[in-house]
Structures are given as structure tokens and as C-alpha cells.
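Chain lettering (A, B, C and D) follows the sequence in which the chains are written, and residue indices restart at 1 in each chain.
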Amino acid sequence: MKNESLRNFAHIPMQSVGPFKLIGEVETDDLMVPMATYETPLWPSVARGARVTHHAGGIRVTVIDERMTRSVLLEAPNASVALQRFQALKADQAALQAVVSETSQYAKLLDLNVQIVGNLIYLRLEFSTGDASGHNMVTNAADKLIPWILETYPDLNYVSISGNYCTDKKVSAVNGILGRGKNVVCETTIPRKLCQRFLKTTPEAIVDLHIKKDLIGSIVSGGLRTANAHVANMLLGFYLATGQDAANIVEGSQSINHVEVNANGDLYFSTTLPNLIVGTVGNGKGLDFVLDNLEQLGCADQTAKPGQNSRRLACIAGATALCGELSLLAAQTNPGELMSAHLKLERQNASS
Amino acid sequence: MKNESLRNFAHIPMQSVGPFKLIGEVETDDLMVPMATYETPLWPSVARGARVTHHAGGIRVTVIDERMTRSVLLEAPNASVALQRFQALKADQAALQAVVSETSQYAKLLDLNVQIVGNLIYLRLEFSTGDASGHNMVTNAADKLIPWILETYPDLNYVSISGNYCTDKKVSAVNGILGRGKNVVCETTIPRKLCQRFLKTTPEAIVDLHIKKDLIGSIVSGGLRTANAHVANMLLGFYLATGQDAANIVEGSQSINHVEVNANGDLYFSTTLPNLIVGTVGNGKGLDFVLDNLEQLGCADQTAKPGQNSRRLACIAGATALCGELSLLAAQTNPGELMSAHLKLERQNASS
Amino acid sequence: MKNESLRNFAHIPMQSVGPFKLIGEVETDDLMVPMATYETPLWPSVARGARVTHHAGGIRVTVIDERMTRSVLLEAPNASVALQRFQALKADQAALQAVVSETSQYAKLLDLNVQIVGNLIYLRLEFSTGDASGHNMVTNAADKLIPWILETYPDLNYVSISGNYCTDKKVSAVNGILGRGKNVVCETTIPRKLCQRFLKTTPEAIVDLHIKKDLIGSIVSGGLRTANAHVANMLLGFYLATGQDAANIVEGSQSINHVEVNANGDLYFSTTLPNLIVGTVGNGKGLDFVLDNLEQLGCADQTAKPGQNSRRLACIAGATALCGELSLLAAQTNPGELMSAHLKLERQNASS
Amino acid sequence: MKNESLRNFAHIPMQSVGPFKLIGEVETDDLMVPMATYETPLWPSVARGARVTHHAGGIRVTVIDERMTRSVLLEAPNASVALQRFQALKADQAALQAVVSETSQYAKLLDLNVQIVGNLIYLRLEFSTGDASGHNMVTNAADKLIPWILETYPDLNYVSISGNYCTDKKVSAVNGILGRGKNVVCETTIPRKLCQRFLKTTPEAIVDLHIKKDLIGSIVSGGLRTANAHVANMLLGFYLATGQDAANIVEGSQSINHVEVNANGDLYFSTTLPNLIVGTVGNGKGLDFVLDNLEQLGCADQTAKPGQNSRRLACIAGATALCGELSLLAAQTNPGELMSAHLKLERQNASS
């Protein structure tokens, strides 16, 4: 029995941390957030961020945008024909939506975007996908749209159902600029005193580190639309605990902190996550512990409108990322603190 | 009991696929590779890649380089002093190694690299770290080096133990250009007949798709040192099954396929993974199922020289990625195949 | 007199090369294109490209898009307010256009785009600007829009008239993805025999080099939306000769070749230039030699509709770039040819 | 006569601005810097920067590094052979230098770097090139090295004399990380009072704008190793006036400002230009006005050691860029100033 389980599942250590206080698009003050990870020092670090933001009045969450995309790749006789075909498709989205509607009641075509390279057409289809992250929904829609397009415009040829201009699980600029997944902004203001009491540092020290590490450091590393310390860690833990397709942390990691000392001398700290690809239905969501976790997070509300559960989930994911960012940056302002915290935790784990 | 387990672990579906045949740096022909993922259609897809490459004579694996890095961030009075201090440190690596040696018997300083921006010094320390992926080992080494540097050069100031020029779990160009983790190249040559038999396509069709999707598609998406279809998926599954810090799939996803039809009309297919951050000891490796998996992969050999187990692990990770790439690209050359394969698998899962 | 001229002007060597044959958006077969450059071997190289494409039936030019942008940078109390203000502005473009109309009869607001980072609003304003490249026109429009916006939404604050999300004369992904300047595709098909006769090489050799150099080489260099050999050279020469703001070759250099052997065994060669920032009126256009050159190119047609002269100019710029790309790639397929051509030209210049 | 000149040269308006005061690697306080450009408002803007930095004690210039590169592209039977061949070449640089020495007395091989992608070898050769920018010198060296390498290692094949991993006149990360051209840091400290007097703004306002525009704005635009306002403008003007290959402003534009308020409340302002490709001999340097300008800048010193004239030139180029950055950022802190300055200058020009 145990062997069976050993063979059929990877058991990733999981713990809930919090409580989190969120305001704005989600209002709650007692949320315990589950994270599954091999890097268990992450739990107390995020918990510290949750604690200080809770005392500070919470984390304001705002969903800027949401959409899921698939870019089909077609070929025209030349660029001039490519342009004409794109313009015709753009002008006739109702016909495309009619095809899409046959594939899912949730998939709604939002818009088309294109890159024409020589005679190649990278046609980026943007959809709303209800509470699903939508990978399969948009692939299915594209799968039906392609034959329709090829029949309607016989001078076009099929190259691929995905031309990497979508783009899924690969670093890009297109996802941040045109949108893919939920675009969530998380903001908090930490009074100077709480900064000292919980984070053992000052607003000025955090801002200074943020500028030199998150901003300039990422720029010299040849980063791309990335300005954070370790957002990927928090997203991985959150995604595994909630049944997400965790390879999407690749684009999720392209998040941007903006931090400053405000007019009152307090710390304004924000994390903007333009590419949070999450859902509350679909692959992975049927597992018992995932269902438990979604329920714990209030994201399994059967009475909610389509999309509401997954937007809530995205906001919580973003707030979790912010807490981890705030806590790590605070730690790194103090020489030696990061390593001694790690060593202390490892000794505790070893002795427990 | 079940509740306890439900609360303390995320149970990710896991399956071993194969057998894989590897040649070159690793020689084996019966390797079953475990992958843990919510996206279970990945298993048969990778298995198909393993099958065809096995018949074709295997996958040649080559380790180009290995190193782990941490970039400390210091501040000088001006750029001229910054340069002089860097030159002095570069010339006195023996002194630095003496400090490093106190922190670990495995950590060896390989080289220093720098970016000077105004008066800021992004000092990138490169280490070999034995069989550990080395995150903690290099942080620990940096933690001891910083006070030594600040005492030796009192005109320098501490800014951060990590200046994001390392860079960990964030997209960058520096990791690919200067190296971080194992740099592994995987290559295979698939005879035209096997291409048809196992992949239902031709070498020409795969090459054509690869150029327009992996290369041009990634370029127009604003990608960075990325030319693949879904390497992140295979790495995630492999990393979770083998106890790795899976957030490192962010840089792992920056992998590059190179594919062509060779002089015999056969398919040369390669996947180059410059940033495979893996280890066979350290966090996550003590869990029972992880130990089982490492043993199954031949990566828990107690008689091996330091570093050999983890290099083997990196080669297997790379080969797994190649198989998934080959299989998905082949599928996408055939309109409709991708979606119908997904639907078929989901029906099977539903009925099982 | 000579001293005066020496002090007041830099005299850059200039020559006209051709004749060029263009088809599609521009139809001509006797166009001589002026290029000003210190790198005079460029002239015979581009001329060779013009010659072979002329014999091959010409270069098809297509304008995919045109717009000029300026991104103002504003600050809101928080992200939620930022989003609401953006949505209001987006919904009321007629009011914005009314303000814009006071600044120029040519400036037309096409659309708004935004990035919200924390509480920051990077508002990208897109305009059509007639025959001007439009740098000043959009700055002027933004300069008038800002006070209007701040009065209409008193909870917003001014940060900058340009927030670098425009973006001018700096490498970016946004210009290629959302558009800035003219987006021009140039295509030609060179019969195999002409390839051999004029370029001393084969279609296969050029395609092979293109893939390994333009595509993979640019990717490993950490390039961004760039896949060419030396587009910057041709644009610089063309921009100086036609009075353009030549610092815009920075984004102009982010051009993408797509090359393949077609079904007939001939060479399909295309250069896509998504960010050609050119104009036929404005700064630099009043100089005598510039006027002469614009006239020579047919881009000073007083009877043309607004925008037509500058679209023609963009097409010619793109065709010139294609010819230089084709010629250099052909040369590099032959070991030693590049250097011996350079040496020969330099000897000629020395003896002349 | 005039017609001849009209046909054979582009006459770009040129003016000298200053005086500049430089300290550190170059010591001078009366340097007048020539700039050729169609965008003549650039002159008074740079002049303002020169004026305030002169009063503030000058601009400290530091050359961090200098090298010129060419990446040849070769093909091996597989990655394992590729690695062995690279290791052999790396271990035998004396033999390579012997070949290089036959091509130029100035070209010295500094180091080799490689990217191995599948079986492809992108071999980046780094040279010092005396006072030449070195484009031709390194191409010539590579041209001689290739046959030597192919004879020594008969299992390697030629692909290209340039594999785009050099990389010349294209955006990249490799040039900044591994170095190409002169890497120059320019720094100045402007007392608060001078900031107000000459720039009509405060240190805090400039820092705030710099962070939101240069840093965050460039990041959201999908920039790459770029954090400035308009470095390309100053480099273009300087390059044209001094006979440089101005297409190299593409990589030159990838410069990074670092700005902060120091402990005294004064403004620390720095511009780091990692890729200044300049020379004082070679193409373009023989023209009369170029010789005059190089002499005016003190960069035609026949008694100087090899490389010294071009290092001086690079420092002056960097200082010129800093002045333009400082002046424009200051202007943009004041709503309306940028546009009104432009309009005023244009009225002056129109009436003059």
C-alpha cells in the first residue's frame, strides 16, 4: 500500500501559512495559504510577510486584466496576402466566435493580434476562459478554428497549432505586454515602526536594496521584464498546493516590484504579477488535497459567477508572492541574517 | 492518518516512463525515468520520444560545463576604486578560497566575474559544489566572504548577499553566457523510417516546424535565449520526482533546440540545456520516494566520485527534455493530432 | 569658407546605388538609393543585392502598420484607481482627440495602451502623424494631454512626459509587439541560377547560414527580437542621406530575416522591419542635399496624400536593408570572400 | 563644384559644445566636444550638462575594460567533439596568437569564449586592437585563424566567419556581459544648489524620475540591459563628428544610469557605457574635419602609447552621453519644460 503510493505520487511537503489580510478585489483577514515545496524555509519567511502586512492593514489586490491565448501559425503566399487575411479575420470576429462556441460554453474570443514575418502569420487568439486556466480550452478552440480558416482562405497553409507567440511556459515579452493569464497588482503600506518591529530594518534600507538588486541587478543580468527577488519560489509552492500547471511559473516569475518610501516615511511595497496563469477547475483540481486547499482559500464557491473563483485565487497567489518578496528583501538588508535564518531552520528540522 | 498526510503533503501524480537509451557521458539502455506532474498526458508523450530514440541508437549526452554562482553586491566610493578592488580580488583567489574552505569541503571557487555600474560592484562568485545543486553552499560561502572582503577593503560597503546577477530562478542572459548549473547537450539522429513509423511525420516537417516555431516564433514573442516548445514541462516533472528545487525550471526553460536533416536524409535533433540546476544531495533528497527515484536512476551511487551522481542526473534530465520536445514537435506537424491525443487520454483517464 | 564649412558640418561620404526594382506597395524599376556612410564597402555590397533582386523580378514591399507613440507616466493613489482612470481614458478617446487636434492637423490618436506597475501608469499614446516621423508631434500632443488629464482626474500626478514605454532609440520588445514607426515586410525570390551567377552561392547555403547565424546565433547572443546580419548599417546610410533622426536605427536594427528554399528550389528571402521610423518632413529635411535625395527617391511628391511619401520612403529603406542582408549572407557562405572583398575595395580606394 | 559636393557627401550640421571638465582617467577642463546631428536642440541640452558638471568639479571617467571580438561559427560531428576541440583551442592560445600576429602588429588575442549548441561551435575570439575600433582587424584575424583551425582539426567544418555571437551592431546581452569595445563609467556629483541653479530641479526629483523612467520604464518596455533616456542621441552626434562607425550606437545605446541622493543631499549621477566601440585610426578617420575634431579632443597625439588615444576618445564619448542624460532627465522633471525648450529653439533656428 505504502509502496503503491510511493510509486504513484510524489509527496511534496506542504504547510499553510498566514493568516493573510487582503483588501480591494478580495476582502478577508483570516486566510491560511497552503504552499508545497522542498524548500521549507520558505514557510516562515512568507509567514513573516503575512504577519507584518496583516498588522499594517492588509494587502490591496487589483486584477488589471485576464485572458488566455494560443497563437496559431499559418503561411500565406506573401506578406501582402498575409496582411489582407489578418484584416479580414480581425473584422469578422463574430464568425470566429461562432466556431469557438461549439468547443466550450466558457471560451469567448476577446481579440486577435498578429505578427507577420515575411509570409508567416503568427495569429494570437485571446480568450476569456471562465474559471479554467484555459490551456486546453484555447487549444481546442484553435483546433477548430484552423480548419475553418483554411477553408475560408484557401491560399493559407497550416504550419502549427502553436507558433510560440502564445507563449506558454517560456520567457517572453509578449505575455506581459499583450497579457496572458491574470495580471494582478498587490500593494501594501508598512508603517515605519512595524518595519522595524517585524522586519528589523527601515523603509529606506529596503528601498535601497530593491533599487540595486531588483532593478539594476536584474538589468545587468540581462533579465527580461523581471524585477524581483524570488517570486518563482512562492508561485511554485502555491501552484503545487492548488493543483496548477506549475511550469507556468516561468512566465509568472517575470514579476515587477515597485517600492518606495512614501510622504509619511512609511514603506510602500508592491508586487505586480502580469502573468498569473491559474484556474480552479481542470487538470489537477480533482485531487482530494487540492479540493481541500481550494475550499480553504474560498475558491471553490459553487455560487460564484464564472471566473470569480479563479480571480480570487490569482489575487491570493499574488499576495503570497508579495509576502515572500518583502520578507526576503528585508532579510538581505541585514548582513548575515539570511544565512543564519537558514541554518537555524535547518537545525530545527534536523532535531525535530 | 489520511487527514494528517493530506494536510502535510501535496501528492503529485508520478509515473516512470522509458526505457531510455543514453550514450556518451552516461551509458545505459534500460533507464525508467520518473516524472511527477498534474499534466499526465506528458507521460505517453515523453515515452514516445524515449521509444523512438531508443530504436534510433540512443541519445548522446555531453556535459559542457558546471558551476554554481552567487553574486554579492558591494559599493565603492567610485568606479575607479571599484575596478581596483575587483582586480585585487581577482588576483588573489587563493585567499578567497581559504575562506571558502572553512564553509564546506566541497565548495571550490572557480572564478570571479564582475559588473561595475557607477560605483556598484556586482561580484559574481563561481563555485563547484560536488553533488549538491549548491544554492545553500554558495550562499554560505558568500556569507563568509563578505566580512572578509569588507575587512580587507574598508572602503567597500555591503549592499546585499545577492545582487540578482547570480541569478537564481529568474530569467536572464547571464546564466546562459557565463554558466550556472550544468550545461548539457543532448543529441540524437532518427532515421527517416523510424521518424515515419514512430512519429508519423518526416524529418523535413519537423525541421520546418522547429524553424518557424522554436526559432522565429520565440524571437517574435520577445523571448530570451529560448528556442523550444515546452522544456519547462519535462523539467518540472523530473525535478519534482527527484527532489529538486523546481523553481529553477525558470532558467532551465531557457533551452535551445537545434534540428536539421542530415546528409543521409535522417533527422538530427538536439536540445541544449545550459542551466540545469540539479543535485543528488541536499534539501528534498531525504524523502523516501526521492531516494527510491535517485536509486532507480543510478544517481545514488555511494562509490561515485563527487559530482558524478549529479552530472548523471543532469544528463538524464536533459534526455527527458529532448524526448518531450521531439514528441510534441512531431505531433504539431500534423493538424489535429495534438488535440485528439489529449482528448483520447482524458477519456481514458475518465474511464479508468 | 572651407574652414567655415569644416566647422559647421560633418561631411559623410555619400553615393547612390542601384537601380532597385520594387513591386507591391511601391512600383518602380529604376530607383537609385543614396547612402551616406564611412563604411564605403557597403555601397558595392548593397548594389550587388539590388542587381540580383532586379534581375529576379524585384522586391515586394508591404506596409503592415504605421503609428508613432509617446508614453506619459502618471501616478495614482493605488493600482485600483490607476485601472479605473485608464479605463475611463480608453473609453473617451474622442475627448483626448479634441485636445490633440489643437496641436496639429496631422496628429490623430489611434489607440491607448497601458502598463500598470504598482500605482504607476505607463500610458502609451499611439498616433498617426502624416508624413512626419512624428517625434515632436507626439511630444507636443502629450504635452497638451497631460494637463487635461491631470485636471480631469485630480487624483493623478505627473511623473514624466516620457516613461520609456514609448520607447525611443532604445532596444525594447514593446515597439515590435505594439508597433512604432512603419512596419515593413520586404520579400524577393531569387531563382537558383541567379543565385549562382550573382551571389556565387546556392539557396541551400544561404538558408543554412541564415538559420545558424541570424536565428540561432542571435538567440545565443542574448538578442531581442533580432535576426539579421547588419541591418543597422544600411539604415544608418539611408537615414543620414535622407535627413532622418538616425539614432532610431537602434530599434530599426531589431529586424528579422526569414529565408527558405521554396518548392521550385529557388531562394525566398525576406527582411521584416517592424520599426522603421522615417519621415519626409520635419527636422533635417530642409537641407539641400536631403531635398535632392528625397526627390530622387520620389518621396517629395507634393500631390501625394498625407503619409504616402513617408510610406514610400519606408519601403525603399526596407528594400535597401534586404539587399545588404542578402549580399552579406551570400558572401559569408564562402570562406575568405568577405575579407578579400574588403581588402580589394580598400586597395582601390587607396589607389584612387 | 557645389553640385559635386552635394552628390558626394551628406552634410550633417555640426557644433562643438562645452567646455567639459573630466577627471580620473582623463584630466582636462576646457574640452569642446563636436557633435553632428540633424537634431540640433541636442547641442544646448548637452551644453547645459557640461556646464553644471564643470561647476560641480567635473566628470570622473574610468575605463573598466576594452576588447574587440569576432565569433567564428564551426560545426563538429557532435557536441562531445565540439567540447574537446574548444578545450584544445583554449589551452593553446599561443598557437592562435602566432597566426594572429601575421595579420597585424596590434591585434593581440586576449581570450576565447564559446557557446556550444548541439554540434555547433560559436567561438568568440577576443582581441586588443590598439587605437583602432578593430572591426576589420578582428575579421582579418578570424579569416586567417579559420583555415588554421580547420587544418588542425579536420573534423570541424566552416559555417561562417561571423556567427552573430560577436555581436556587431545588433542588440545583445553578450556584449555587455563578456565585453565588446570600451566599457566606460562616468560619474559626477552635483551639489544641491547647482542642481537648482542650472537644472531648475532637485536631486530627489531627478532620482525619482530616473527610477520610474530609466529603470522601471525600460523594464516594462521589454528592454535589455538598457536604463537610460537617450544615450543613442549623444553617441550618434559624437560618432559622426569623429569618424566612427555610427551603426555601433545600437549596442552603445545599451547603457545604464545609476543615480542617487548621497549622504550630503547632493546628486550622484552616473552613466555606465559597457559597449563604446570607438577608434582614432581606421575608416573615416582620414577626412579633414574628422582629423580636426580628433585633434581638438586631444585624441590625435602621435606620442601616445597604442590604445591611449582611443581610450581617451571613449571617455569623452561617455562624458558627453552623461551630460545629455543629466540635462534631459532634469528637463522632464518639470512638466512642459521639454516641449517649450524645443519650441523656443526651433523659433530661434527659424529666425536665424
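Everything that follows uses one rule, which is that contacts are C-beta pairs under 8 Å (C-beta built on N, C-alpha and C of every residue); 3 or more make two chains touch, one makes a residue touch a chain.
Just so we're on the same page, UniProt names per chain: A, B, C, D = Hydroxymethylglutaryl-CoA reductase.
Computed from a predicted structure; not experimentally measured.
Centre-to-centre on C-alpha atoms, which chain is most distant from chain D?
A
If more than half of the interface residue numbers appear on both sides, call it same; otherwise different. Which is it for chain A and chain B?
Counting shared over all numbers used gives more than one half: same.
If you fit chain A onto chain D using the CA atoms, what's the rotation angle, as a multiple of 5 degrees?
Result for this pair is 180 degrees.
More C-beta pairs touching across which pair, A-C or B-C?
Answer by contact count: A-C.
At what distance in angstrom does the C-alpha mean of chain C lie from that of chain B?
38
Cα centroid separation between chain A and chain B, in whole Å?
Comparing mean C-alpha positions, chain B is 22 Å from chain A.
Which residues does chain D have that touch at least 2 chains other than itself?
115, 117, 120, 173-174, 176-177, 216, 218, 220, 222-226, 256, 258
What's the contact topology between the chains, one of line, ring, star, complete, other?
If you draw each chain as a dot and join those that touch, every dot ends up joined to every other.
What residues on chain A touch chain C, complex-wise?
On the chain A side, the touching residues are 24-25, 60, 62, 64, 78-80, 83, 115-120, 173-174, 176-178, 183, 185, 187, 222, 224-225, 256, 258, 268, 270, 272.
Would you tell me which residues of chain B are touching chain C in their complex?
Contacts found on chain B: 173, 176-177, 211, 215-216, 218-220, 222-227, 256, 258, 260.
Considering the complex alone, what residue numbers of chain C touch chain D?
By the definition above, chain C touches chain D via 5-16, 34, 36, 38-40, 71, 73, 115, 117, 120, 122, 136, 139-140, 143, 146-147, 158-175, 177, 208-209, 212-214, 216-218, 220-224, 226, 228-230, 232-233, 235-236, 240-241, 243-247, 249-250, 253-254, 283-284, 287-290, 292, 332-333, 335-336, 338-339, 342.
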